[in-house]
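We call the chains A, B, C and D, going by the order they appear; numbering starts again at 1 in every chain.
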Amino acid sequence: MSGSTIGVLFKVTTWGESHGRAIGAVVEGCPPGIELSEGEIQKDLERRRPGRMTSASARREGDLVEILSGTFEGKTMGTPISLIIYNRDADSGAYESLKDIFRPGQGDFTYFKKYGIRDYRGGGRASGRETAARVAAGAVARKVLLREGIEVMAYTKALGGIAVSPSFSTAGIIFLKDMDENGLVCPDPDACKKMESRLEEARRNGDSLGGIVEIIVRGCPPGLGEPVFDKIDADLAGALMSIGTVKGVEIGAGFAVAGMTGSQANDPMTLEGFLSNNAGGILAGITNGDEIVIRVACKPISSIEKVQQTIDVHGKPVELSVKGRHDVSVIPRIIPVCEAMVSIVLTDHLLRQKAITG
Amino acid sequence: MSGSTIGVLFKVTTWGESHGRAIGAVVEGCPPGIELSEGEIQKDLERRRPGRMTSASARREGDLVEILSGTFEGKTMGTPISLIIYNRDADSGAYESLKDIFRPGQGDFTYFKKYGIRDYRGGGRASGRETAARVAAGAVARKVLLREGIEVMAYTKALGGIAVSPSFSTAGIIFLKDMDENGLVCPDPDACKKMESRLEEARRNGDSLGGIVEIIVRGCPPGLGEPVFDKIDADLAGALMSIGTVKGVEIGAGFAVAGMTGSQANDPMTLEGFLSNNAGGILAGITNGDEIVIRVACKPISSIEKVQQTIDVHGKPVELSVKGRHDVSVIPRIIPVCEAMVSIVLTDHLLRQKAITG
Amino acid sequence: MSGSTIGVLFKVTTWGESHGRAIGAVVEGCPPGIELSEGEIQKDLERRRPGRMTSASARREGDLVEILSGTFEGKTMGTPISLIIYNRDADSGAYESLKDIFRPGQGDFTYFKKYGIRDYRGGGRASGRETAARVAAGAVARKVLLREGIEVMAYTKALGGIAVSPSFSTAGIIFLKDMDENGLVCPDPDACKKMESRLEEARRNGDSLGGIVEIIVRGCPPGLGEPVFDKIDADLAGALMSIGTVKGVEIGAGFAVAGMTGSQANDPMTLEGFLSNNAGGILAGITNGDEIVIRVACKPISSIEKVQQTIDVHGKPVELSVKGRHDVSVIPRIIPVCEAMVSIVLTDHLLRQKAITG
Amino acid sequence: MSGSTIGVLFKVTTWGESHGRAIGAVVEGCPPGIELSEGEIQKDLERRRPGRMTSASARREGDLVEILSGTFEGKTMGTPISLIIYNRDADSGAYESLKDIFRPGQGDFTYFKKYGIRDYRGGGRASGRETAARVAAGAVARKVLLREGIEVMAYTKALGGIAVSPSFSTAGIIFLKDMDENGLVCPDPDACKKMESRLEEARRNGDSLGGIVEIIVRGCPPGLGEPVFDKIDADLAGALMSIGTVKGVEIGAGFAVAGMTGSQANDPMTLEGFLSNNAGGILAGITNGDEIVIRVACKPISSIEKVQQTIDVHGKPVELSVKGRHDVSVIPRIIPVCEAMVSIVLTDHLLRQKAITG
């Protein structure tokens, strides 16, 4: 039990069910004296908003975050920051017919097996909605990181089998701000166009699409990360894999290292820095000052209109077609969630390192 | 700081440097009444022994584990189990010439940046040797799991670019015990032969090879894993990524989900169970009763004889050729380490679930 | 940082400042299937309400708790329970004149030294108001304990130097429900009368009074508590000392053991149980099945009208007389807070023990 | 389970049974670059040695500590420091007759109820011997504190009902080094003499004595301690109460505050500092820069020769007289243990505060 908290010094606890009264996060350990407003947090939440892509399907009303504690006269005080987002526009009635059914690819079956009781409305605690609380907490972390010149950004690396051209994937040439104008947060306009038509096709088929998000961290100093279990890559992998949609995480060259030789994989060092970045900015679990590069594989959204085979709580076979307001892909909405998780982990390790150098 | 402990109820703390007096682990939270002998732990340690493959390079003397506490008359007592392995046959002199050099791909540079001081002999705390303590602790976890009928096993999925044929990779047909006779712990004899010649080639070139290990868990009941940050896949990913050599982790279909549609990725449910296992045995972060399937990407060993470009602690460029006793690949030695990390995480979650159902 | 969470499996995080928007608690790890209503929590909150004693001084409006998550159709689900109490009737203007002054006996000076910033209104995070969140969380714990037949209750042992007669203090004869009718939660009517006149006198003098609360736990099974640092008495002492007003904690015979011999202090065992209870129900940090008996010393409320000598933030001496709505003693309001902390600790250990026996 | 670890950043895990192969501690999170030798740790261990007082009863051979990891060329590296003390001179045979008996005042009964299995020899894990590992770990903490000018010292405040004269108890005039020459670590020569004859008398009676230890911390900066559960007094109380012998903890004026008025209890502030120290150096759970003053009540040693009534594991009444090598009082041996626990907690909070100010 008690799995809703992450972090050692910078600790985030999220709470809330998709169709309960509200969701929220408590952020403990934020350093004092940092300017923080609801507007800044809201900005990240907007990037995660349902229906951000041209789609008729999502909840219409934006999530409005409130800061309930931890700030005074616009600045953090070092005390817990409580963030709340009330659930509005929640149409629970739509889930009445699903209450006894284990939807494939969802937590319905496992929550039932674990707890013997669950809020079936919209996935309850297992809903993607919970990630809004992560994004809100991540926005606080982002402020701490920015004070030290550390930037966390993510973009769409692949969607529905369409990958960004390798020439665009070089971290060094990405201009995230421009990409944000672009609905898919994708730096390659050609790929982007193909992704959009693939999305359209999947929507017509009542199906959904998976994809890959790459997260890049710039300006991170060397020295963050703890041997041996709390390596920074271990904590990042754990934090990203805790996003329901993520089925794989890789750092730097990632799975490609499996086919490399040591002389290919090792990044040569010079006085000007590393000549390559297969390490993804992390050596022996500690940041080396280079860009941190992480990729996550996102599975297609499980709720699809296409008919699926499953069973219900009484052990009867069921043919299921999930109707209602569903995105075709978690991308691009998952992007700020990935950034949030990376920001939370980095902030925690930044503070932990201060305990050594402070 | 303080990153050498993993787990909430079943907690493992490792300690020790490669060329210090000893390495070890303290296992807290092991349930009482479990039979445990040094011989059982030793068995897993043998599988991780350097020079297990036909190679002249490794430390000759096996690691001998001692149980210093936590058992009485051959049974665990519920109190911390202290395991120690003294460092024998450590040839520290060989590292004297490396003491000021940052070896590429190693923790030399980052430890220096983090702590300002480090034991340069054999990688110190960042040495792969630390994983022996994990294997010893994992052997204790394995005993707890076996009592509940849960088996954890891993095998070589790919090495040096040679992959096991997909027909062999079906978890259902693997007989681990047979594979153990096989030096590479690889179920595909043809692939195995090619891997061996690839290893030989790399050795001749003074180079090293990466690979992929697949870990499979059988007999795991549904219900293990905690929403939302301590999902079982999150904890597994973090634990496996904490192995120095690992650069990627994927669950079930893993990165392949990125190219799937929802109707392909979702595992249909029937009264007889799931019709496929893209989920890798985990739904919404909780085990679903199916086999847990995880793959990790292992980078090539960083210490190679081939000349590499780097710098030293004084900021001077250096050409480095690492001589000495080095394996060509972490595979197969890393296999019991992967099993250990998975066993430790599962045991922790097994106990956490008992707090709910108990 | 990050000190607002307590517990390992049953975890409580509180947040909120006295004059911020709200205060609250997140309760993680509550077992599923327990009936829980706002009314039940409210009942404990009423017992902690300011102005519960005949006094004109307190906030008039009661604290209203809302359950924002973690329950479904009136039952807990195993997911985090978020509890919120909005701050109403907060008269912040009254604190304007105190904003630069370090009030003696309060956290004004130490928060300023620690964080460099603080919400001076009503003590901010250091306010006794924070304990309302503890009481709310404790009410959840109480439900878990009651399911196992464990009852936690506390009463006034001493107030303003007036002690309950030893004949009344025997745990076995206390009828808490009767006492609750009594404003001071004191089983000795004679002592009670004297306490009341002592309170009246202190109020007239613009002064305040300290006292002693005894907490008793009935029905606790043997076996709760973990060697060696998480002994149940260690966790209870830490939890109770975390109440701002508490300056001392003792278990069983407590400080009196210092003057005893071993033959006096040891509780003889018989087949019918222990012949005495100097141990206070705890042996070697583990419950022995007997009543748990704990006493805490509460200091007088620091905010008094009587003139006190202090300094301000600019380093100037100040004569301070604190006016406004202040109780004369934390007793009896602190009683449900003590019960809450004990309930939270016991619930955590109850779940931890289930992981062993489950 | 898992209760053998204390601390958040500076973490100590102890392990070992009284008559197992060894006992030890792993110290995680010690900052790098601190000189540390076995000799320094040994010095504190000597102060805890059995038979330090004129008594024929104790194990003759001193405990020899070895540093197995975490230091390099005499300095800490930031990695876990593993400390081991082998058990020598352990006469297990003496315990054979006790193996089925629940000794009054000991953990025999509760360990049996908790785990169903226990090492009966010398109390096993519940033995006071475990505190040697705490003292060793505390010696590391002491080094961290001394670097910042923080000194932790303790002395005998009362023994067998004889209290140090109040004129000697003023923290300001104590010279601990002188006291160390004195077997009882007691600053009052008259009281000391009476304590010694009281000890002699108890020994003759086959009985034992309790007492009070006062711990004083000098040079502690303001700002250490975390609201609201990890208050420094909460953590200190928990840490001290985790010593098996301790039944009460009080800070500053402690239980005496219960009889005070607010105008008596509050410490007036001036530009030169606080005019009194009823707070014991802690306000709202955070150090205020004044001396930290804590007292603990120690119960008489439970193992006495005097005949006691108890039962055995088969449910039969037994008359028990414990013979063998037992001290008459835990004082003065418990003094370095108290210092160790306070040092460990302060070091943890010192590092946590660096994360804010660093």
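To be clear about the criterion, contacts are C-beta pairs under 8 Å (C-beta built on N, C-alpha and C of every residue); 3 or more make two chains touch, one makes a residue touch a chain.
None of the values given here were measured: they were computed from a predicted structure.
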Q) Higher C-beta contact count, B-D or C-D? A) C-D
(Q) Report the chain whose CA-based centre is farthest from the CA-based centre of subunit A. (A) D
Q. Just curious, how far off is subunit D from subunit C if you go by their C-alpha centres, in Å?
A. 26
**Q.** Centroid distance [mean C-alpha coordinates] between subunit D and subunit B, Å
**A.** 39
Q. Multi-chain contacts in subunit D: which residues touch at least two other chains?
A. 1-5, 8-9, 14, 29, 31-32, 78-79, 114-115, 125, 227, 351-352, 355-356
Q.
Under the stated contact criterion, what part of subunit A meets subunit B in this complex?
A. 1-6, 8, 14, 102, 104-107, 109-111, 113-115, 125-126, 130, 158, 160-161, 202, 205, 207-212, 222-231, 233-242, 244, 247-271, 275, 278-280, 282-289, 297-304, 306, 308-311, 315, 317, 352-353, 355-356
Q: Write out the stretch or stretches of subunit A touching subunit D in their complex.
A: 8-9, 29, 31-32, 78-79, 227, 351-352, 354-358
(Q) Under the definition above, what is the set of subunit D residues touching subunit B in their complex? (A) 1-5, 7-11, 13-17, 20-24, 26, 28-33, 66-70, 72, 75, 77-82, 84, 114-119, 124-125, 351
